[in-house]
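One chain, chain A, links the two complexes that follow: it is found with chain B in the first and with chain C in the second.
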Partner chain A sequence: MTRLKLSSSTLINIGGSIIAVTIALLLGAVVMRLSGADPWAAYKALWNGAFVGKRSIAETLIYSAPLILAGLGFALSMRAGLFNIGIEGQLIVGGFMAALVGAWDLGLPSVLYVPLALFAGAVGGAFWGFIPGYLKAKAGAHEVITTIMLNYLAMRLITYLVLRRDDILPVDPTFVATKKVVPEARLPLLMPPTRLHLGIVIAIAAAIILWYILFKTRFGFNVRAVGLSQGASAYGGINWGRTVVIAMIIAGALAGLAGAGESLGLHGRHWSAAPGYGFTAIAVGLVGRNHPIGVIFSGLLFGALNAGGPAMQSADVSKEIVQLIQGFIILAIAALEVVNRFPAIRSRFSRRSAASKAGA
Partner chain B sequence: MDHFFTLDLLTRILRMSTPLIFAALGGLICERSGVINIALEGLMLIGAFFAVAGTYWTGSPWLGLIIGVLCAMAGAMIHAVWSISIRGDQIVVGTAVNLIALGLTAFLVQSIWGTAGGSDRVTSLPKLGGMSILVPVAFVFVPIVAFVLFRTKQGLRLQACGEHPQASVSAGIDITRYRYSAVLTSGLLAGLGGAYLSIGNLNYFTLDMTNGRGFIALAAVILGGWNPWGALAAALLFGAAEGIQIQGQSTPGFPISSDLLVTLPYIVTLIAITLFVKARSGPAGLGKHATTS
Partner chain C sequence: MLTSRLNRRQLVIAGGAAVAATPLLSRLSVSAQDSITVTMVTDTAGIGDQSFNDMANAGGLRAQDELGITFNVLESQTAADYVRNLTDAAESSDMSIGVGFLLTDALAEVAAQYPDGKFALIDSVVEADNVVNFLFREQEGAFLAGAIAALVSKTGQIGFVGGIRIPPVMRYEVGYVAGAKSVNPDIQIAIAYADDFENPDKGKELTLAQYNNGADVVHAAAGRTGVGAFDAALEKGEGFWVIAADKDQAHLGPDAQLAAVIKGIDTAVFDGIKSAQDGTFVGGIHNLGIADDGMGLGAIHASIGADVTDVIDAYSAAIAGGAIVPPVDDDTLAAFELVSPDAIPAVEATPAS
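So, the complex of A and B:
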């Protein structure tokens, strides 16, 4: 069973994602056309901005790193049956914590300082993921509302801390950010003179580790079981609450790492303005079918869209059209899921996949 | 501190609560019919944008208001079709609508006004005593929604759709029609809340100007126990925190950091939904479909 093979349901998922992205790009072109812009020129600029030249490829990878990590966090929560809208909050808490540790100037060498600062980011995100997980497991509080509240709580708390607490924290109120991370705590650059940093390597490594955890360990089996059916998994002797809390802790840690990569790699400090990756992470997870390896590819796709987006400005198209396209992708996937549900269509493809799902 | 408790503070609180009241009432009706609506945020944003665009095109803020509300209802229609007819995951669909609203409005701002940040200034709706005319309208809607929901046949049937979708179908209620109406009504109300932000309270549109108010409104629905009066109280709480923060910033020597004070409503909501979750678990059929055939 360790041999990697593509089952028919995997092929349906990949095909569905490709169709959804294609439909969304076409709809995006329609919107551009209607507003009088030239979609062909815009997409060409997008392509050039994302893939042509060393700098463009570096930018795509830079954007992809936090999206893959945050997408993994979302995917893991979904696997455990929780809709984690709180990726945004977990990401900024992680980014803030990592930047604090990195800006404190502890006088450590890089080999110790970088892992320590990354760890701080992961712990910050994990804590922010633990709260909704715990409230869900203990009190049944719906994670959608608790995570939305925690997003705003994180934003407001960090704004307060960077504006008012420069007496005890390494923050800079004039920048509404933390102080600069010291060079020893910055993630190493991979491809100078571009800004590409270690973040993308961390992201892909995290995806592979998560794939192993989800599909090769007892805990991963439990996560998938509680996600599929809380009742049946309880009957099978799985501790639902414990599994949900641990899954949310890991999901938060992944989002926290995404934020840490931004602080320690890209910006060199944590800005209190939210990057808005939390919602893109949802799209990344959904397009990647909440599968860690799928998330790598969808993260790269959305990274490319975000990296190439600003280049569309040259075709007089606002880069925010990328968000519109992301929304279309999600709608298309939601609609295709329904097609997937029709028995007649499914039975033709997935007689084998049902068996492999049960055995996985 | 003498400058703190002034009539200004009360006006600020009312002004900050108004968009939340509109959106919360919309969200409440939607959830009572059994459809989760996290798209409120995007629907408000659509309402805010097209109210300004409509005013800009027609020259009349009243026509702008109508255009804004209609466009928000069109956005709600997407949510309705995908959530009710296509039976997609309602939270996933809501997320999509929010992204579409964010992207579409930013895109259109650039193609209409040629700037990335926001719109030109337009005429705003008339004001009463320094507040937009929509402020009293929001408060008037509360008893109306309460009356329709609890005292009319339609309202009770709507609740039945949310509590027992399957039983409602068996009882001959056209659950699809009720849910569509509820989602569209939430679009109408969220659109009003959004239009209030752009052409009521101000006279222009800026990117992402709703700034999470749709999500806060959703929290107000839950904190208010899915009851219009409760939602009003919760919306006032959130509005008060925001109003106090703004007032505190302009009051020299204000004792608590106003930046810290704004975190209170979120903490209160977290505690409330944790403690009262059994009593406030919402309509039993929320997010559930009924087999209609």
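So, the complex of A and C:
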């Protein structure tokens, strides 16, 4: 019986996400029509820009990789019951650390240098995730407040280091970035001449590993139990504080890897201007229903929107329309969630299912 | 006066082309026949920044009107879009233009992948045969800004608000200091940086702080952050001035703008496109200053009298003629010998007009 219930709720989740995306695309079309553009041509350009041709597919995968990794970080913290707005900060600290190690030119061969730089990125993100986790566990400090503060701290700190500390760090103030990562520390390219790098492989591997941890290990069970009910899990003998801290460390490490992939794979340096992927990651997690496999697909969806977005400009549609569609997706998900959460509303929307429930 | 020198620069470009373009003639003559497609890629500030992206766009639109070319713009959302957009541009057009220092890496990468494409880069340098680079001697315009600030200031205190101290902004700063000290060696100059090009609130805050400490003229070289300087001046009211950078911004506060340093980005973009259209395109570096119509001080407020503008014109002519060489960084600023308004060297009128 439980198995049946689980699969039906999974179906509802997938269906809900698809409905939300459809609603968002329709609303986007309405806005484009109202602003005098041709929605059909725009969506065709979006599709072509994201999926038609080797380079477009490569670009979709490139944009998806950091969103999947950061989305996994958000999903894991959400599973542990924490609303981690700090993915952005964890991502840029990770990207910065990885780029620093990569730009230092340690004279290592690629086989060692790439894993070392990736590891530095994961450690940086993990540290930035550990702080709010620890504050939550020890002092009860609300993670929304602490992670927002840590986001600002990360941005300002990195800007300061990049602009003023070129005396001790491999940074380049004239670019407001780190120095170039040496070729031995760059992620290998998968499909030359496109710039597709190893990041997408790391992202999908991380998703599968996280799925295994969450659903096949005792720690994963603890995380989910803690997220469902702090009281009940404590009563069941689970150490809440420890579980929350470890979950935040892993979440931060995932976000840090997302940043590391960007600086080691895509840009070859860490730019102090933040791309905002940490915030899109929240949407990626929500649309993927905080399930690692779901996050892969929602990450690919948002990656495709980002990759195809610039192409829409050739159909005389502003680049902002893509962000508008992403906003609509989040709104639609939230609206469906409200319908799901409140039985009174749900019963009004689907009398039949309410009636069958009452009969059973 | 600014426009009269345009012809001379075109001659310079054409002259260079005649020497270097010969081996390319067969290919170029084909593209010179019909109207070409040009795609410009902005940085993340994008169209509407009231600053250099808008100016570059104006140059492209002018080329579309006057040369009949097809002009497209691709705006960038994040730094990840630069390579993507430039590659799309190179695939779909005859010439691709990167606007701004931040596109340097990306343009180098894409230009190497498309050796047959033509590229232009504003405010930075990629050394390749298929890239034409436009740099500006910001320090020359900023020198005039510093001079007019010192001439107009009643308190003997002026200010400078910068975006991020990247090389073009640094040239603004040191040029401004050199100009102001030339007029009044005892002047006090407050210098502040927002570390951000996209934050008008911070620009306003920094400008207000300088006004409240006694400055009455502030030069803002800060992209969209500089828009906040106008808010500050409008809040303080009469007697508080802003000198805009890159572009005339009088629409933000007609009676708050003392003057504007005009950077000829629009002309550079137009000339770059024109060279691709008429087949004279050649890679290289153009370093544009007052003498090339690439820089200047314009939009001087109507209340400023001839006693001030005559001094500015004299400085301008001396810089154009090479008699004054404004500093470009901290070292050259320290070594710069001040030129007081009474001692501006006279320069023969340039024959170009």
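Quick note on the criterion: the second predicted complex is superposed on the first by the 334 of 360 C-alpha atoms of A that agree within 3 Å, B and C clash if a C-alpha of one lies under 4 Å from a C-alpha of the other, contacts with A are read in each partner's own complex, and residues count from 1 in each chain.
In this section, a contact is a pair of C-beta atoms (placed from the backbone, for glycine too) under 8 Å apart; a residue touches a chain by one contact, two chains touch by 3 or more.
Since we're looking at a predicted model, the values are computed, not measured.
Engineer: Will chain C clash with chain B on chain A after the two structures are superposed, or do they fit?
Structural biologist: Clash.
Engineer: Which partner does A:I62 reach: the first (chain B), the second (chain C), both, or neither?
Structural biologist: The answer is second: A:I62 touches chain C but not chain B.
Engineer: Now for A:F279: first (chain B), second (chain C), both, or neither, which partner does it touch?
Structural biologist: first
Engineer: Could you tell me if A:I168 is touching chain B, chain C, both of them or neither one (first, second, both, neither)?
Structural biologist: Neither partner.
Engineer: On the A-aligned overlay, A:V111 touches which partner chain: chain B = first, chain C = second, or both, or neither?
Structural biologist: In the superposition, A:V111 touches no partner, neither chain B nor chain C.
Engineer: Tell me which partner A:I330 touches in the superposition: chain B (first), chain C (second), both or neither.
Structural biologist: After superposing on A, A:I330 lies in contact with chain B but is clear of chain C.
Engineer: Have a look at where A:A307 lands relative to chain B and chain C in the superposition and call it first, second, both or neither.
Structural biologist: Once the two structures are laid over each other on A, A:A307 reaches chain C alone.
Engineer: Report for A:T159: first if it touches chain B alone, second if chain C alone, otherwise both or neither.
Structural biologist: both
Engineer: I want to verify the contact counts: of chain B and chain C, which reaches more residues of chain A?
Structural biologist: When the residues of chain A touched by each partner are counted, B comes out ahead.
Engineer: May I ask you to decide whether A:S35 touches chain B, chain C, both, or neither, giving the answer as first, second, both or neither?
Structural biologist: Only chain B; A:S35 stays clear of chain C.
Engineer: With chain C in view, single out which of the stretches 26-34, 44-52, 116-124 or 260-268 of chain B clashes with it after superposition.
Structural biologist: After superposing on chain A, the clashing stretch of chain B is 116-124.
Engineer: Touching chain B in one complex and chain C in the other: list those residues of chain A.
Structural biologist: On chain A, the residues that contact chain B in one structure and chain C in the other are 159, 163, 318, 322-323.
Engineer: Residues of chain C touching chain A in their complex?
Structural biologist: Its residues touching chain A are 44, 46, 72-81, 83-85, 87-88, 92, 101-102, 104-105, 113, 164-167, 195.
Engineer: State the interface residues of chain B toward chain A in the complex, per the touch definition above.
Structural biologist: 36, 38, 78, 82, 86-89, 91-93, 95-104, 106-111, 116, 207, 212, 215-216, 218-219, 222, 257, 259-260, 262-263, 266-267, 269-270, 273-275, 277-278, 281
Engineer: Spell out the part of chain A that touches chain B in their complex, as residue ranges.
Structural biologist: 31, 35-37, 83, 85, 135, 139-142, 144-146, 148-153, 156-157, 159-160, 163-164, 279, 282-283, 286, 316-318, 320-328, 330-331, 333-335, 337-338
Engineer: Mind listing the chain A positions that touch chain C in their complex?
Structural biologist: Those residues of chain A that touch chain C are 55, 59, 62-63, 159, 163, 173-176, 193, 195, 262, 266-269, 271, 273, 275-277, 306-307, 309-311, 313-314, 318-319, 322-323.
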